[in-house]
Each structure stands twice: as C-alpha cells, then as structure tokens.
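Listed after this line are the structures, all set down as structure tokens.
Below, subunit A partners subunit B and then partners subunit C, in two separate complexes.
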Partner chain A sequence: MTRDEIKDLVLEIIEDIDEDADFDALDPAEPLRDQLDLDSMDFLDIVMELRKRHQLQIPEEDYPQLATLNSCVDYLEPLLKDA
Partner chain B sequence: MKYPFLIIGSGLSGLAAAIRISNYCPDVLLLDQHSRIGGLNSYYYRNNRLLETGLHAITNYAPKKQKHAPINKLFRQLKIKRDEFSFKEQIGSQIHFGSDQILNFNNDVNLLISEVERLFPDCHDDFCSLLKKIEVHNPFQNTTGLSARKYLEEMISDKRLIEMLLCPLCYYGSSVENDMELNQFVIMFRSIFLEGMFRPEGTIRDFLQVLKQRFVDQGGTLRLKSKVSRILVKNNTAYGVELDSGEIIEADNILSTAGYEETLALTGRDLKTRIGKRLAFIESIFLVDDSIKNNLTTSKTIIFYNSGELFNYQQSAEIVDYRSGVICFPQNFQDIGISDPLEIRLTHLANYDLWQKLSSTPEEYRRVKLQCSARSAETAEKIIGIFSDNIVYQDTFTPVTIQRYTLKHEGAIYGSPRKIADGDIGFTNLFLAGTDQGFLGIIGSMLSGVSIANQHFLTKI
Partner chain C sequence: MNQNTRVVITGVGLAAPNADNLHDFRDKAIRGINETTEIELRYFGKAPAGICTFPETKYRKKKDNKRGTRAGCLGVYCTYEALNDAGLDIDYYDRSKIGVYIGLTEHGTVETENEVYNIKQYDYDTKYWTHHHNPRTVLNNPAGEITMSLGITGPHYSIGAACAAGNASLIQGVQMLRLGEVDMAIAGGISECVGSFGIFASFKAQNALGYDEDPRLACKPFDMSRNGIIISEGACVYTLETLDKALERGAKIYGEIVGYAMNSDAKDFVLPFWERQAECMELALQRAGLKAEDIDLVNTHATGTKSGDIEECKAVKRVFGNSSSTYINNTKSIIGHAMGAAGVLELAANLGSFDDGIIHPTINITELDPECALNNLVINTAKQVDAVDTILNNSFGMVGINSTLVVKKYKG
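And now, the complex of A and B:
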C-alpha cells in the first residue's frame, strides 16, 4: 500500500467507528484522539479493524505509535508494504 | 468443533459480548439454558399479549450528539446504529416518602435541583456540591467497597434527603443491603438523575431481535435450551463445558455471565463461605381496562415509594415487604401510543426462602401469590388511585420464578453483594461479565459484556 492508501484506510476505519467524524480540519501531525474526540475504546477498534482486514497483530506497547495520522502511516507503511 | 470463544448466558451482557467478539472472530458460541434470549430482560406471552419480564425503563438516556455518553459508546462498540431504534424519554418520575413528601425528577437535572430546594431548602448548597463531586468522581478506579451512605452523610445534613436519593438508586441497582457501593452509586446517580430514563418504541423483543440478528449476521452461533452443568477445568484453565444433556463442547476461552458464585459452582469450586445476604424481589403486572384512566391520579412514568420513616432496603423478613416499592407505567413515556389495556407494574423486596418453601405446594404457592399481588395493588392504590376493580389480567413473578428462568441464586436480580470489577475469577481463560462484574441494569450489563470482551478476549484473536 502507498502512504496515501494507508491514510485512506485509517480514515475509513475511523469513519466506520464514528460516522460523524469530521476530517475536513484534521491536522495529520496532531493527535487523532483530541481532534476527533476518540477514546480508548475507539482506539481498540482501530487496532482490531486492522487485524481483521489485514491480519496485523499490533502489540499494546505499539499503540502510542498510532497517535496521529502521520504516525499511523509511518508505523503501518512497512507492515502493509505488500498489501 | 472446538470453539475459540464460548459464552454462557444470552442475557444482555452475554449478547453484547457475543456481538463484540464475533465482529472480529465469527466462531463464537452463545449458550443459554432458557428457550429465549434476554435473561432477566426477556418476555413471554399470555392471553395473546407479549409481556416483558424486566423492563421498567432503561437508564442512561443521552442525546445522540453526546459522543462519550455511555449509551452512545455502547452502540458504537456494538456497531449498531442508534437510529435503528426510536427512544422515548420518560414523562417524569417521583420519589414518595411518608404520607406527604414528593420529589419530582425527569431527564433534566434542573428539575431535581429545584425540587430539592423546594423540599429541603437548607440542603440546596449541599446538594449542589454533591453534584459537583459526582461529576468529577471516577467510578472505574479500584477503590471498591466504600459506602455511598457514608459519602452522602458527609455532605448532606438532612437524613431524609439522603434516603430519598438512595431509594430509586438502590431499587435500580444495589445488591447491598441498605447502602450502595460508592462507585456503583456514582454510576447509578449519573445514569438515573443526570442522564435519565427512556424506553425503546416497541417491546424488548424488538430490541433483543436487533442484537440477536447482529450476532447471527456476523457468523455467531446461538444455542438455546442448552444448560451448562459443568465448566471443565484443569488446573487454572478451562477447556470446555458439559451440558446437562451430557454433551461436551470444547472451547479455548469462556465468558460466563451466570453470576460469580454460580460460575464457581459450575467449575466445582464452591465458595466455602457465603458472601452476605442476597436481595430478592417480587413483581406483579396488572393489565387494566383503560376506562380507569380517569381514576388514576398520575401520568408519571415511575414512582418510587417508601411509606415508613426509614427506607429499609434489606432482605425482607416477611414474604413481601410492602413498606417500599416501585410503581411503573410502561405506557407513560413521551409519544408512546396509549395501549389498551393499560399496564401497571409493581415491585417490592421479597423473601426468597419463604417463597422457596411455599413452592413445594403449588396450590398454596399460587394462592399466596394472588394474595400478595392483591395486597401490593392495595398499597399502590393509596398512591395512584383505585384500579383493582378493572384488572383484566394479572401475573406475578416471585424470587422462585426468577431463579427458575435465569438460574440466579435465590432469584437475586442484582446478584451477589460482592462484585468482581475486572471479571477475573482466578482462571487463565475463564472470565466473568454481567451482573456480578458489577455494572447493573440493561445498559450497565451490556457495557459489562463489552468491556470484559475488550479487556480479556479481543486480545486473544
């Protein structure tokens, strides 16, 4: 997957969790949690959805790397390079 | 087949956990001993009419836009759109104490604040500081076992106000005599007084149907009339269950919603000592023809009452304790079409042992049941007006009925006084959710299923 595809994937997953999520003003360098008002249950869903769709096992200690949209892409890029 | 996930109990906690897990792993087996799903919150048919077993009102009402309200979190976690249901808010409820004190409340906390000021002018400031404290209290911290009564006594000078506040909260969610565990109190206070009460349009059957469909659509398997008689364990690990038919089903992970002591008993590890007294209830349903509408002195949704000086929320010494109770009018929600006949539901504390003894002589049991429901109606009529002459159908469930249909020890709706907040009952792959995990009521038990699934099961997918 390209970086753009990964970005779309993450946004699509978030949209599934919260259909009212507003991406227009989203700053990819700032924490998703604050901007989109996500909580830890929502974050777990992002992780579980990545596991379901791409069989990715993301260990709990890596969760902080999913904090911003940019960091998500950085973290997922090598894992999804063949996807 | 060996199931990766097996869930005991298709009550609301089991259903919620089943939906949550099967969304990521379809091989989930959900078992219930009863022929219907729903557990305590189910339904049955009499006279061609559907009667609900355990729905007065659902707590935790919040508008859709409050994203972090428990109810919205819950639906998000289950991936069910709230719009699939139409929620009807309560009209308004009351707490009646003694012969003359009536405190009104509804889904707007400002009414409660002004009512407290009207009845207890000296306590207005106390009450406002209580609200502030409750707002910032984190009920999910690990300080369990503190007394809500003590907490209230430190802040509120009028004992009567304390009792009046505790009355609805105990009735809708305390498994402890004459008190509540503090965190539980904060959860219940928010869900009843700050958020509020509603019911879905339609019946609990429609609500359960949506949940069941979601689970089945995700590939989950539901088996009813499948009573687990043993959970098979080796050392501290469970490897399956045995049904009372003798069938053995293997599983990697098991979630039990059958209660703490009940689950331990299934593993063969009975507790040596009893954990305090369990609270049992009796509930009567009256269908009355709607010509009595003019006799009824109320159009409220729920009335919690206590006729004595003190509020006694404890195991009843008599077969039924009529001194306090709950009166519910399931049609008194906003924009719910008036049903004919009307329904009135009355709940009191009751004594399990006495009912259990009676049940060995079925005729006597039936006779006493009728007697008790008549007495219960009489008690309520003092508050809501006369309706006894217009009853077209009535039914009563006792602690024995509740035990028979849900296998809850002693028919104790709110389970054991001891709660296991993290669901860990000493096994590597067998956990507890539902009533004895500690979140009570319809929304509470579903959140319990979801949070225990998140904590202990999703990580194993």
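And now, the complex of A and C:
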C-alpha cells in the first residue's frame, strides 16, 4: 500500500468508529486523540481492525507509534508494503 | 431508615413497541393498538416480536450507541425523557445523591451471541474477540451507561429479577430513598431480548413461544387459543422523589408507591405458582394498609401461556374474588412481553387511569378461557369508570420470583 492508501485506511477505520469524526482540520503531525473524540477503547478498535483487515498483530509496546496520522503511516508502511 | 418517607413518581420515560412517549403509549393502550411485528433472527428464523422505534441519537451520539449496548441505548433515551417529563435538571439534586436502579431479566446474551457469530469468520480464533465484550456484558451495563451519559456519580446497579425486574427496580428505588442513601432515584426496567435467537429458541423448546399469522394478534392472555409468550423489546424509566421534595419544587405527581412485596415460589424453574403469587399481592396490600376492595385496578402479569395465565387467575380470584369494585386488565395483550421492562411499562400504561378513569382493555380475546374468567376483566374495549385511585401491578418471573406494586393517586 502507498502512504496515501495507508492514510486513507486509518481514516476509514476511524470513520467506522465515529462517523461524525471531522477530518477537515486534522493535523497529521498531532496526536489523533487530542483532535478527535477517541479514547483508549477506540484505539483498541483501530488495532483490532488492522488485525481483521490485514492480519497485523501490533504488539502493545508499539502502540505509541500509532499516536498521530503521520506516525501511523510511518509505522504501517513497511508492514503493509505487500498489501 | 424512615418507613414513613413517602415516595412518588414524578417523571416517566419509555420506549415500547407501539410508542416512544407516555402520551402516545397511554392513547394506544386505551385504544388497544398493538404494533407487534415480525422479526427474523439468525439460526432461528421468523417470529412475532415487539420492536421499539425511538429517536436513538436524540440524547447520545451514534458512536456511543455503537460502543454500548442496545439496553444502554434504550436506558439513556428513557432516562433523559423521564427527567424532561419530571421537569428536572440533572443538577437539581446533588449528582452523588442520585441512584440508578435498572431491572433486567438478563443481560449479555445478545452481545455474547453476536460476538460468537462475529468470530466464526475467523475460525473462532479468540484473537478477534472484541475488547468491548466485558464492558458490554457486565450486569450493571445499562445502568452504568445511564450514569456515564448524565454524569451521575451516585450508586448504579442492575437488578436481576427475571420478568419481575421492572417492579423490583422501583422497590429498590423506594427503599434507597427511605434509607436516605439517595435523594432521587432513577428506576426502571429494560429489555433487549429480541436481539437474542437463543431466548426465542429456548421459549420455543419449552413450547411457550406464541404465534399467530398476524403478529398483532399473537399475544392473547386469557383467550382459549393463547399459545405462548410474544417477546418484546422495551424500556421504561421513572424518576422517584420523596413526596416532600416533589412538593417543594412543585412537581407533577403521577402517583405514590404505597405498597410493595416480593417473594419466591421455591418450587419450579419455569412454572409459576398461584399461592405464592396470592401471598405476594396480600403482603403488598398489607404494607399499603389497604384491603382488596380498596384496589380499583389490577394489572395482571399474564403472558399468554396456557398454565401461567390460569395460575395468576387463581391467585387474583383468591385475593380479589370478593371485591366487586376491582377492575382487571392486561397490558401484554397490547405490547407483548417486555421482560425486564414489563412491570414498569405496564404500570406506565395504566398510570393515566388516575386522571381519566379509563381502564385500558385486554385485547385479542375471542373466546375467554373459563378458567381465566375473572370478575370485572376489561375485555377488548376500554371501560370508563367513576374513578381509579389505586393500581396493583403484578410482575412475575422464572425460577419462581413474584413482585407486586401498589400505587395510589396523590390527592394532596
């Protein structure tokens, strides 16, 4: 997947969790949880969806790398390069 | 504990298969409008069922409804509606002195069935089991979702009392107000049972699931052709306050809970037992300081099963057989069996009698079972009477649990 495709994937998952989520003013370099109505359970939803859709097993110690949209793309890019 | 503390109902919020507010619900009860429909459940197939239609996102975001449970969604809606109806701002009482008591027949069955179904596509690999399972299935879930939505920090819990649970929650509310544990109680019952194929299948296996080609005619307590329970979704939440506080703020008072009782059959897993039911009614009357002939309306629990209806009729005959002024009706004939919400919804359907003196009918009776031929049973059309000042509300449940509430019109 390209970086743009990964970004779209993450936003699509967040939209599934909260269809009212507003991405217009989203700063990709800032933490998602500071900008959207997301909490730790929602975050686990993102992890679960990545597992379901792409069989990714993300270890808990890597969760901080999913904090911002940019860091999500950085982290997921090598994992999804063949997806 | 002050047993003399008088407790009154000041607000009602509800979601029933035929209405999402008290006004419409009462109107349809009087007119005998049954809106039972047909549901199709995975594995099980089709069955008549009562489904609630209400504005699910009026008080809570879709995201929260998706994360929570159907019971939580119903509970949150009804609680806001009850508070609005009572004219109560949530900050009128100290939020730490508000108690939330929710009666449930069961909880977690729907969520568990759904999750087992969901991981089937992953060959039942539990790595795909949702982290939402536990918060959704803890028994306090619906009550807890209400507190989270409203920022209530007083006690909350659910009361598991099978189909007596709605009444049990009101009793709990009264007791906690009398103990001084809380200053205001949010009490009611909720059922999301229609989401569970297992609940339908279990009633069917027990030969206790009702059916009629026309779902609106399927629930027929006391009729010769009755053939079982019609499962309905539903919820009803009341605001309970002490009479003093209610008067102080000039609240509308629907009625005063003047008596209650609960007891156990100690006999059978599913079959009810009329003697204990009669004792339950008698104890509630005794606590209310009333005699049978003081009761103007008995709202029966009868669900439309062959033996259950007869058992309750035997009990009612023993207690009210000599009371010529007591009318009797049944709300399930109109809304089906809302399980944990049954007692509270059925009370709500009748509270209006205090104002209009109308007894809503027991519908769907074509041929009355002679064993259910109670004196003054109001059949098929509503009855206008001189006045209704007292209602006795029965709610019974599996594993031998009985509950009775006595509610009296407040006359100042």
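Here is the rule we use: the second predicted complex is superposed on the first by the 83 of 83 C-alpha atoms of A that agree within 3 Å, B and C clash if a C-alpha of one lies under 4 Å from a C-alpha of the other, contacts with A are read in each partner's own complex, and residues count from 1 in each chain.
The working rule: contacts are C-beta pairs under 8 Å (C-beta built on N, C-alpha and C of every residue); 3 or more make two chains touch, one makes a residue touch a chain.
Model, not experiment: these values are computed from the prediction.
**Student:** After lining up the shared chain so the two structures overlap, which partner does A:37 touch, if you call subunit B first and subunit C second: first, second, both or neither?
**Tutor:** In the superposed model, A:37 contacts both subunit B and subunit C.
**Student:** Classify the contacts of A:62 with the two partner chains as first (subunit B alone), second (subunit C alone), both, or neither.
**Tutor:** Neither subunit B nor subunit C is touched by A:62.
**Student:** Contacts for A:51 in the overlay, against subunit B (first) and subunit C (second): which applies, first, second, both or neither?
**Tutor:** Both partners, subunit B and subunit C.
**Student:** Check whether A:17 is in contact with subunit B, with subunit C, with both or with neither, and answer first, second, both or neither.
**Tutor:** both
**Student:** Looking at subunit A, which of its residues have contacts with both subunit B and subunit C?
**Tutor:** 17-20, 37, 41-42, 44-45, 48, 51-52
**Student:** Going by the contact rule set out above, which residues of subunit B touch subunit A in the complex?
**Tutor:** Of all residues in subunit B, those touching subunit A are 23-24, 67-68, 73, 76-77, 79, 81, 450, 454, 458-459, 461.
**Student:** Give every residue of subunit C touching subunit A within the complex, in rising order.
**Tutor:** Subunit C residues touching subunit A: 61-63, 66-67, 122, 127-128, 130-132, 135.
**Student:** Spell out the part of subunit A that touches subunit C in their complex, as residue ranges.
**Tutor:** Residues 17-20, 37, 41-42, 44-45, 48, 51-52, 57.
**Student:** Could you list, by residue number, the parts of subunit A that touch subunit B in their complex?
**Tutor:** Answer in residue numbers: 16-20, 37, 39, 41-42, 44-45, 48, 51-52, 60.
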